[in-house]
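In structure tokens below, several structures.
Both of the next two complexes hold chain A, though its partner changes from chain B to chain C.
Moving on to the complex of A and B:
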């Protein structure tokens, strides 16, 4: 089992969500995050004072999947999140030791 | 004989001006960081609370008593607790009436001016002062600076038609350029110099946490200002209408003046700039609303917006932390509006062939008001500094004054808090 984590532009969330649903992924966790990569921040001006805003708003999306789906899911996410502009985000995958469904107590792939 | 039309209008005006202080609270509250918005709102509400009491006890008497102490203030005991404003005998209440208006209505109208003037100062010292010290300061400052200036300007004192400068020309302050805006603006400057900067001023980002609040507050101020300016005509007539139109025209022009200035300087026309332009225009037209043509009001407003937009940058150059630009907006536009009367007044203005005598007297009343308020505020600020103290601790300032001082926070930052235990 794998945990796929994607950091994406907030305005791409709907597209990514629909694409994952179309690809048969039935659940995900989404949280608001802030950070920066190569994009760095941006500047805002308040009454003539310029502020450098380092951390920009992002969406952090997490999906637990079966090993065989890894390439398909990362492909779907990066395609749907893509705008071609700097700041599009990243997708990474880490192995998962165990998964338990709280309601039924099912474990492993059955809990996905 | 009570003029019921006038009385109805003045009751409405008083209510409009009262609304300005909560409006100001939101104008300021949106500009501070989210961790101190409640304290900012509470500073305005606290000023309303303190002044709502002291005004009826001795504020009215100090401003408008017949017996003037040296032209500086009225005898506080002459009309203590509104003695003489009404009487109560076997036939019930009897109300003193002056020029068709029951004086008790004027008391209400004037009390709201004292509240907003004091609350204006709070923006300069945001995020860092003890709440008790602010309340004590509010009561003392309104007593020793605002009531005397109201007396000097409108109560027949030093800066009025009965004062020594009236021999040059009759001084003009329609609704409070000197007593309200110059007074509050210079007091703000003195206070920030005594109290000092917020921790991290100039190095940390302290951007406004809620600009829609700022715009909502500016809108409420604009609406309330119709009571402030048009109500100051003390009549429901054409002069009130002129003040209303001039108020709107100058404000509209000041928005444009501010936005053009910042578009050229910073590259953007911002919402904070528009809201600030609203206030700069309202401040500048306050003393002049009854003496300009609407065309003059356009010029007054354009200049006010541009001047204040340039002035708000000065605090970074000189290193004083006037947090929400009370000096840049109220002092600068208040001075401009008061002095501009000398140029733009239809009666006596330099541009209308009136010569320089009105201009000279307007400069004099502005300088006298500034000097008086600065000295009184400095003494008060130093007394509070060396007794109960001004500043909260550095830890409180960093963690946020709302939670430490008021035991509340404005926003739920962690959803886990929704499920925390409640102790009844």
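Moving on to the complex of A and C:
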């Protein structure tokens, strides 16, 4: 099993959610995140004062999947999150040792 | 009646007796009869009169005669330590409590001597308030009467010290349970303005420091009791919280149209109880401080003279730390007196006296269109920040906002649809106005911003689908009678119609996209001043919902879009 984590632009969330649902992914965790990658922050001037916007709002999306789905799911997320602009985000995959569904006690792939 | 049959019998009474007071009286008499039978069973074999010097008394809802079908039983076995045999007390207590437990009835029980009653009441304020409603059920009437009289006498003699503790306990409870008038799922008993506060009003009256109001207050308490009774019927449990899922069923039991109507009834009743509690507490504190300050009757050379009043505005005086209405010249208050006392209260922080409320209700409204003086007072009130909230509550009790603002009645006590909201629509509007104070020096027209905040959700009325668009249409009919000019009305219309655009676009579309930015600049009709007010309104609106609704994350997204739009408009002139 794998944990796919994606950092995406907030405005691409709806598109990514729809694409994952269409790909048969039934569950995901979404949270608000802030950070920066290579684009770093930028500076705004408002009423004479300069504001440094160093942490950019992002969405952090996490999906637990079976090993065989890894390539397909990362592809779906990348495609749906893509705008071609700086700050589109990242997708990474890490192995997961075990998964337990709390309600039923099911384990492994059955718990996904 | 078999004790096992008691709950089903009470539930049947609750289901079949629509009139609240009659229902509660029937439930109380049924329970009382069952307890009397039980007492008889527990004592009738008693050849040596071992129950001498003992009495079974009811406290809590049974003692007050307002028990619901699923309320627990609060019983106290009280005894005279000089007469009753301790072994007999224990034996009779066991004969009483066990059958109740066996019947599955929730029982809050205690066994106390007369001295113990006084001791417990002296250090446990909740127990003391409960014991003020002791009612004799069975056994030695004199013992019950002595216990009740002793607790009441102690309560009255210690009122000076206990009042502060009573007020503090109410505040702690409010922080924990919130306000019954505004919660999506209110606890009818514990939240501020709920049934526990109604008990505090009785406790204050029992102290003889002050009386409490009747009439509208009694009606409000009866409404809350009706809701509690309906919750018992719907849930079949001893529950006091109205869950959103049960709201429509509770409405059916109460023979109301829908869950929204239940919420509106609770809000109106809760507001009344909260208001009366504040007024009664202040009155009692005033008595304890000996009418401290300027209202104190002066004794000069052995003669009493009238209290000295300080005029804070025409017809408005300060009296014992409250604002009251002075007798008007010619016997009639001028139509601006309500605005005047409200503005003075908001500015000074002094509360409006409860005795002023019926007078304010009866005063004429300002002639329309409002004069610049009337508008000035209104704007002073709106710009007072958090002080506005308490003043507005008093005005609401007097029924004034609905008279001043056409369409206000449609949002008054109206529940919100989105779960993120924590207040009724009208209270939310006032919360948002109070937050615009932070932006007073940061926008070109603070008055326009305040009015937009006051009306931004005015469209959340029955029959309006899009509250932003529908609300904007209502703006002229509300602001024209207040004498506002066409420019202000037009700007408020834009702000009301567009009040969601920044947060919606920022979180669902690319805030750097020129097309998205263009949507914003078009929405503000290319005006920088409107854009800045829209940014302020967005924050005031979202932040009033709590920290979860206005996070740094959301703020950054909104600001990205705002700054993008601002850059686009930077070369354009401001103002209209």
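Just so it is clear, the second predicted complex is superposed on the first by the 112 of 112 C-alpha atoms of A that agree within 3 Å, B and C clash if a C-alpha of one lies under 4 Å from a C-alpha of the other, contacts with A are read in each partner's own complex, and residues count from 1 in each chain.
Simple rule for what comes next: contacts are C-beta pairs under 8 Å (C-beta built on N, C-alpha and C of every residue); 3 or more make two chains touch, one makes a residue touch a chain.
Here the structure is a predicted model, which means the values were calculated and not measured.
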- Are chain B and chain C a fit on chain A, or do they clash, once the structures share the same frame? clash
- Query: Once the shared chain is lined up, is A:94 touching chain B (first), chain C (second), both, or neither of them?
  - Reply: neither
- If you stack the two complexes on chain A, which partner ends up touching A:83: first (chain B), second (chain C), both, or neither? second
- Message: For the overlaid complexes, name the partner, chain B or chain C, with more touching residues on chain A.
- Response: C
- So, A:68: does it touch chain B (first), chain C (second), both, or neither? neither
- Query: Does the superposition put A:9 against chain B (first), chain C (second), both, or neither?
  - Reply: second
- Would you find which stretch of chain C runs into chain B in the superposed arrangement, from 402-410, 438-446 or 510-518? 438-446
- Message: Quick check on the output: what are the common chain A residues between the chain B footprint and the chain C footprint?
- Response: 44, 46-47, 53
- Query: Which of the residues in chain A end up touching chain B in this complex?
  - Reply: 44-53
- Task: Show which residues of chain C lie in contact with chain A when the two form their complex.
- Result: 442, 507-512, 551-554, 556-557, 559-560, 563, 566
- Message: Could you list, by residue number, the parts of chain A that touch chain C in their complex?
- Response: 9-11, 14, 32-34, 44, 46-47, 53, 55-57, 83, 85
- Query: Of all residues in chain B, which touch chain A in the complex?
  - Reply: 205, 207-208, 262, 265-268, 270, 272-273, 276, 309, 312-313, 316, 325, 328
